[in-house]
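My questions will all concern the structure given below.
Labels run A, B and C following the written order; every chain starts at residue 1.
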Amino acid sequence: MAKNMTIHLKVWRQAGPEAPGRLVDYTVKEANEHMSFLELLDVLNEQLIKEEAEPIEFDNDCREGICGSCGLMVGGTAHGPQPRTAVCQLHMRHYNDGDTIVVEPWRAAAFPLIKDLVVDRTAFDRIVAAGGYISATTGGAADANALPIAKEKADAAMDFASCIGCGACVAACPNSSASLFTAAKIAHLALLPQGHPERTRRVVNMVDQMEKEGFGDCSNHAECEAVCPKGISIAGIATMRREYMKAMLSS
Amino acid sequence: MQVVETPVKLDSQVPAGRLQDKWDTYKDYVKLVSPANKRKRTILVVGTGLAGGSAAATLAGLGYNVKSFCIQDSARRAHSIAAQGGINAAKNYPNDGDTIWRLFYDTIKGGDYRSREANVYRLAQVSNNIIDQAVAQGVPFAREYGGLLDNRSFGGAQVSRTFYARGQTGQQLLLGAYQAMSQQIEEGNIEMKARREMLDLVVIDGRARGIITRNLVTGVIERHLGDAVLLCTGGYGNVYYLSTNAKNSNVTAAWRCFKRGAYFANPCYTQIHPTCIPVSGEYQSKLTLMSESLRNDGRVWVPNDSNDTRPPSQIPENERDYYLERRYPSFGNLVPRDVASRAAKKECDDGRGVGETKLAVYLDFADAIKRLGKQAVEDRYGNLFEMYERITGENPYKVPMRIFPAVHYTMGGLWVDYELQSTIPGLFVLGEANFSDHGANRLGASALMQGLADGYFVIPYTLGGFLAGVPMNDDVTTDHEAFAATEQEALERINRLLSIKGDKTVTEFHRELGQIMWDHVGMARNRKGLEEACKSIAALREEYWQNVRVPGVNETFNKNLEFAARVADFLELGELMARDALHREESSGGHFREEYQTPEGEALRNDEDFAYVAAWEYTGDHANPTLHKEELEFEYVKPTTRSYK
Amino acid sequence: MSNRGKSLIAAFRSPVGKKVLTGLTGLGLTLFVLIHMLGNLSYLSSDPDAYNNYADTLLNLGPVLYIIELGLVAFFVIHIVIGINIYRRKRKARAVGYTQYKSVGQPSRLTISSKTMIFTGIIIMVFLVFHLLSFKYGTYYETTTADGAVVRDLKCLMTEKFQQPLYAFGYPIVVILLGFHLRHGIWSAFQSLGATKPRLTPMIYTIGVILAVLIAVGFLFVPLYIFFSQESFSCVLPS
């Protein structure tokens, strides 16, 4: 039978953006090693509702590590201790009976807190809107095989394109920098010939937007890569910088 | 149970002419909207998945004013993102004999002859444009060393026509559409409203003119006016509580439209995917699918003896039952999804299931590893094995996987005509939310194709045709009494839910509903069970409105309140599904009635009496819905019995 | 100013431009401290005039020296100004901190070095002022070399200073901090300039660490040697 465990949680509770927040202690007695971390919070929430308390709010949706909705600092680490795992796929078997786990929201000025563990990540959308696309009018495309792309390039582009936009990179960065997120999109599109016509505008505008949103600068700590559920490499950040310098020299 | 039928024939608006020419003819003659007039039209697009995202981007690119809505915090998180396998197109790049006709034929056959020929043919026709469009947007599809696009084969087809981007095809296609949308947002052509839930449709003078939304952060109820409403809100698989759908996927928008007069078609057609990770306990919140490509090399088995509790490695070969290979010698482990799912259910019903819950069967790669080597298996399935281990903590290279079927996709949805327009003028329904292209069963890699076909290539034409025919600059504003009344109803529902303060949580009710649905409206259905389901769902709904406890208030971020409203709608939908399943006295695709099977236990279709789309009309909360039939005419494909023996 | 000039300035104010400049100036300064360290080691040469000759050669570069010095000043100023700017923005970018924070380790490069760049940097900056006052603008002693040339006797000044415990132990502390700064800084500069490939990153990082250790250790020798040998000396002021 699956092992039952007792888990103690210290969860950040904050009623709204302006309200004061604090860590609140909870205990879940019916934790189970097969549970995901979010299911543990579900169980706690059911308990809270029964006790006529307000449940803990946290963003989540697909619960299979691809939509990027979830994101919590679990035990001081973005998405918890398992490498390449979003918190929705973190399972309790990695914890021991009686453990105490601190749960906090992503913290960054550019990700204002909405409630409890929910933050506003629309800054990411605005960075993409600033240039993270290829202008391709619907219906005007050439045959998909008209332009061969070396497999290595396509694979490398896919590595960067797999970003789920969860914001763990920002949360884990000591500087709250969004460089990995921004760079992943720039590198994805820079690797493909379709992305070339707009590469200059793209990198300049996206980097500008990143700054305007109030993210910090990158200090090459590489913590972002270490917590990224998709393992996106900071090589993308190096690519972004090359793209930017090229853009500067050619403008 | 009594079924109210009407003799009114639903007009599918399929253009005349040869099947192959219908779409071109339609495009030749459809009315256009001039660029100056497009600017004066506001289109409300609800949902930002593949259908909604592609539609919003394309319509904004054409010059319409678009307002987009999604319940997630970003348009990029719509559930299309979770699709793994791929997208079909009749490109015939591998030169293995694929044609538009074959893609059309496979889709009709795969749908068990319950879909509309003209729609499916159009889908196959535009499939190629989708691939071109995606590549132009920078979607990094898998490629061969020569630099050309790679294809793989998928269930239900004899050709390789599936394009893919690792196991993240849905994500990449969605990001393509999202990025196209983002450009339009930046250029001011789309007004993006994230964290908004559509609570109701506003119908004025018989036309869809607006929606009521709730701001999921502040609880503010908002009115939005438009010249047309595009519903791109996905499927309703979460009525089963446990499904592969995202936690927030729901039927509310579609259901509210149903209650405003849009017909709901074929609600009983549910796809249950055979290769999912089994349920591990009561706390289980959702199910995770693993690509069915696993069945290419994995062998499915259970122990012969239902009391066999030995670990799988200690069960000798002659005490194992490879039941798919035994029952379907020619297709073996590669039978279609519905057949594989039902077979697994049967083994578990007979008590031969494995694992703690006895609700699982083994999917064993030992032979494949012996035959191909561990490396080759890792190359093919490495990421899936990793995912399995992450969730279960077991290493599938050493221990057979445990799998069980899970609800995955709903073929039914709001009824639409050839133009994707529902029975409410001005309300268009795209993607999984409509019923249109997959009949009674959807083939793998066809959902992405349909969502994008509808959004990129169909709606831009058909919407123009509609708008050209309706007056511009009428004096309707959001102050119209219909807006006020609809908003009031939405608000009252919320307040009612909050005021009950009962003893049971929303999740407890949802789980109970899911259990009823799974037991009686699941993989195998029968009259008795369905009648029981209708009754118990009605009773549960009754109890819900007496005894649900919804914490907190409206004027804040309140996920439980969101769920409460959605579950309330699921509690109504569930009954309609049971009703539809009850009236359809045949077995077709995702709908298997135990009374209608061959002596060998295979599905028995009844083309004589049931070759129609069942479209249900809402007639009141306490009245039976009315059934309208759209007869399906098969001019080009002759229905035959599917056999996988 | 031309548009291009304006956009160039804007570019260097951008998050990427700032890093590029930090990287460029950082590498330049690394080269400087490396040469400085090697020059210092000539103190230990068997030729008693080696150090003073080396210093004299530099002093006699004339205008070239001024250009180099100006360049160095510019590099320091840019490096420091941007460093402080990055730190201030970082503080602003996370108004509320975490109660608990834990690095996950590899492939993270988050180390005590990377986290303290601003502090080691500021200490080095303050040190630099005292260092210049002590030596460049310190007492002018003179000596006559074996070749008969009259040169500034910096060697004697060094001996005088490093025989005092404050200098002999203060300096090593600072050069160790410099080592820590360079441990993250050298690799970081390459990454900031986009001059890496994932395959090369571990190698560049390792070379950076080795170089940092070499520079720190190289600087340690002379002060400690002077202090522990406590040779008698007498410096001569110019007559």
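The rule is simple: a contact is a pair of C-beta atoms (placed from the backbone, for glycine too) under 8 Å apart; a residue touches a chain by one contact, two chains touch by 3 or more.
No experiment lies behind these values; they were computed from the predicted model shown.
**Student:** Which chain's centre, taken as the mean of its Cα atoms, is farthest from the centre of chain A?
**Tutor:** Centre of mass proxy via C-alpha means gives C as farthest from chain A.
**Student:** Identify the chain whose mean C-alpha position lies nearest to the mean of all protein C-alpha atoms shown.
**Tutor:** Centroid comparison flags A as closest.
**Student:** What chain pair has the highest count of contacting C-beta pairs?
**Tutor:** The chain pair with the largest number of C-beta contacts is A-B.
**Student:** Centroid of chain B to centroid of chain C, CA atoms only: how many Å?
**Tutor:** 63
**Student:** So how far apart, in whole Å, are chain A and chain B when each is placed at the average of its C-alpha atoms?
**Tutor:** Here chain A and chain B have centroids separated by 27 Å.
**Student:** For chain A and chain C, what's the span in angstrom between their mean Cα positions?
**Tutor:** 37
**Student:** I need the residues of chain A touching at least two other chains; which ones are they?
**Tutor:** none
**Student:** Two-or-more-chain contact residues of chain C, please, as numbers and ranges.
**Tutor:** If we look for residues of chain C contacting two or more partner chains, we find none.
**Student:** Touching residues of chain A toward chain C in the complex: what are they?
**Tutor:** Residues 10, 12, 21, 23, 73, 75-77, 81, 83, 102, 104, 107-110, 172, 174-177, 179, 204, 207-208, 210-211, 214-223, 225-227, 233-235, 237-242, 244-245, 248, 251 of chain A touch chain C in their complex.
**Student:** If you look only at chain B, which of its residues touch chain A in the complex?
**Tutor:** Answer in residue numbers: 54, 57-58, 61, 72-77, 79, 81-82, 91, 93, 129, 131-149, 165-166, 168, 171-172, 175, 178-180, 182-183, 185-186, 192, 194, 217, 246-248, 280-281, 283-286, 288-289, 356, 387, 390-393, 456-457, 460, 505, 507-508, 549, 551-552, 556-560.
**Student:** Applying the document's contact rule, which stretches of chain A touch chain B when the two form their complex?
**Tutor:** So the residues of chain A touching chain B come out as 1-2, 15-16, 30, 32-36, 38-39, 42-43, 45-46, 48-50, 52-55, 57, 59-64, 66-69, 82, 85, 89, 91, 93, 114-115, 118, 120-122, 124-125, 128-130, 132-145, 147-151, 154-155, 157-158, 161-162, 164-165, 188-189, 192, 194-195.
**Student:** Taking the complex as given, what residues does chain C use to touch chain A?
**Tutor:** Counting only chain C, the residues touching chain A are 4, 7-8, 11, 14-20, 86, 89-90, 92-110, 114-115, 117, 184, 187-188, 191-198, 201.
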